[in-house]
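A, B, C, D, E and F are the chain letters, set down in written order, and residue numbers restart from 1 in every chain.
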Amino acid sequence: MPYVNIRITNEGVTPEKKEQLIKGATQLLVDVLGKNPNTTFVVIDEVDTDNWGIAGETITARRKKGQ
Amino acid sequence: MPYVNIRITNEGVTPEKKEQLIKGATQLLVDVLGKNPNTTFVVIDEVDTDNWGIAGETITARRKKGQ
Amino acid sequence: MPYVNIRITNEGVTPEKKEQLIKGATQLLVDVLGKNPNTTFVVIDEVDTDNWGIAGETITARRKKGQ
Amino acid sequence: MPYVNIRITNEGVTPEKKEQLIKGATQLLVDVLGKNPNTTFVVIDEVDTDNWGIAGETITARRKKGQ
Amino acid sequence: MPYVNIRITNEGVTPEKKEQLIKGATQLLVDVLGKNPNTTFVVIDEVDTDNWGIAGETITARRKKGQ
Amino acid sequence: MPYVNIRITNEGVTPEKKEQLIKGATQLLVDVLGKNPNTTFVVIDEVDTDNWGIAGETITARRKKGQ
């Protein structure tokens, strides 16, 4: 019954990439802890770059500086 | 002061249904634990079906298969 | 596939009360949205009263004042 | 390595206000706990007023009553 | 800057297993989205089996029935 | 009605430091967004250093290397 929440910035992640994240995270729980995939949830949250900060500044500001 | 977070897929939940979830979850905390409703928060997150996985595949893929 | 997270203060909630919260929250999702209980998760987090604040003060401080 | 998640209602918060929240929350962790800002994340979630409940009713309903 | 939160039941997960989860989840974000591992956080929450419910009953109850 | 969740490592944070975090985060929401402190929650989660990873390794491992 694991629950995995992946939070990333909203920068054009395709449905195929999301499928890979979901498949990979589920497999990780199966491989490492022997969890049942049928009761393993993976939820991806895409967060606007204005809403994510690191080192006291937004990702929007960091992207403008090429970071 | 409970905080309840309900995460569901984004599949056309009406404002009326949301009101019922909020009312019901608040009442549950009042009934079971005697909490004060005035300081009980309920937050509903609606998640795109591409972003929610179970058993290693997205809800989008499962819906296509009739699950 | 709903995921419900109930966060409350850690003040002696019994296993029986937790069962009631889990049963009640699951039933709420079944009743309001027709969700499948077999893929409905409810996770209860018990938070120390020193670690929960409201109105800028801890629950520990509020309990001492009879709130 | 702190992670701060600020959840507020989605009511027209400007990018400038978000920058202030991110800067302020990061500085708080630096000032109080001596954390390294370079590994301090702040994530702001804006929640629709239909999806946030307090006292068993939505913020939408409360706003209509002038609360 | 991804943030990954893995929630599992508290059933004797060793530090070595936790290292594998952290390494694997970080690598997944690097491989699929090209994220920088230096700003990728993975946080594991271990939840008491009394506090995790599925299908309306606790994991404690399910374990007793051999599930 | 903001909800602020501060997640830090469990490394001997005193009750006084927690009070400062709660007071400071609440004041930030009042100052920047004009929120009502009476309905502002701050919840601090202390996470074991074995359970927090950055750059693919645990904080426990990083602390041993003096980071």
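The rule is simple: a contact is a pair of C-beta atoms (placed from the backbone, for glycine too) under 8 Å apart; a residue touches a chain by one contact, two chains touch by 3 or more.
Being a predicted model, the structure only gives us computed values, none of them experimental.
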Exercise for the section: Give the fewest steps needed to get from chain A to chain F, where each step moves from one chain to a chain it touches. Expected result: 2
Fill in the blank from the handout: Intersection of contact sets, chain A vs chain B, gives C, D
Practice task
Name the chain whose C-alpha centroid is farthest from the C-alpha centroid of chain E.
Solution key: D
Handout entry: Most widely separated chain from chain B, with each centre as the mean of CA atoms
Key = F
Fill in the blank from the handout: The pair out of D-E and D-F sharing more C-beta contacts is D-F
Practice task
For the copies chain E and chain F, give the interface type as same if over half of its residue numbers appear on both sides, and as different if under half do.
Solution key: different
Practice task
Determine the centre-to-centre distance between chain B and chain E, using the mean Cα coordinates as centres, and give it in whole Å.
Solution key: 21
Fill in the blank from the handout: So, in whole Å, the Cα centroid of chain A is separated from that of chain C by 25
Fill in the blank from the handout: chain F touches at least 2 other chains through residues 1, 3, 7, 21, 25, 39, 41, 43, 52, 54
Exercise for the section: Report the topology of the inter-chain touch graph, choosing from line, ring, star, complete and other. Expected result: other
Fill in the blank from the handout: Chain pairs that touch, by label, are A-B, A-C, A-D, A-E, B-C, B-D, B-F, C-E, C-F, D-E, D-F, E-F
Practice task
Using the touch definition up top, name the residues of chain D that touch chain A in the complex.
Solution key: 15, 18-19, 22-23, 25-27, 37-46
Exercise for the section: Show which residues of chain E lie in contact with chain C when the two form their complex. Expected result: 7, 47, 50-58, 60-61
Practice task
Could you pull out which chain E residues touch chain A in their complex?
Solution key: 1-9, 13, 17, 20-21, 24-25, 28-29, 31-33, 35, 39, 52, 54, 59
Practice task
Name, in rising order, each residue of chain F that touches chain B in their complex.
Solution key: 1, 3, 39, 41, 43
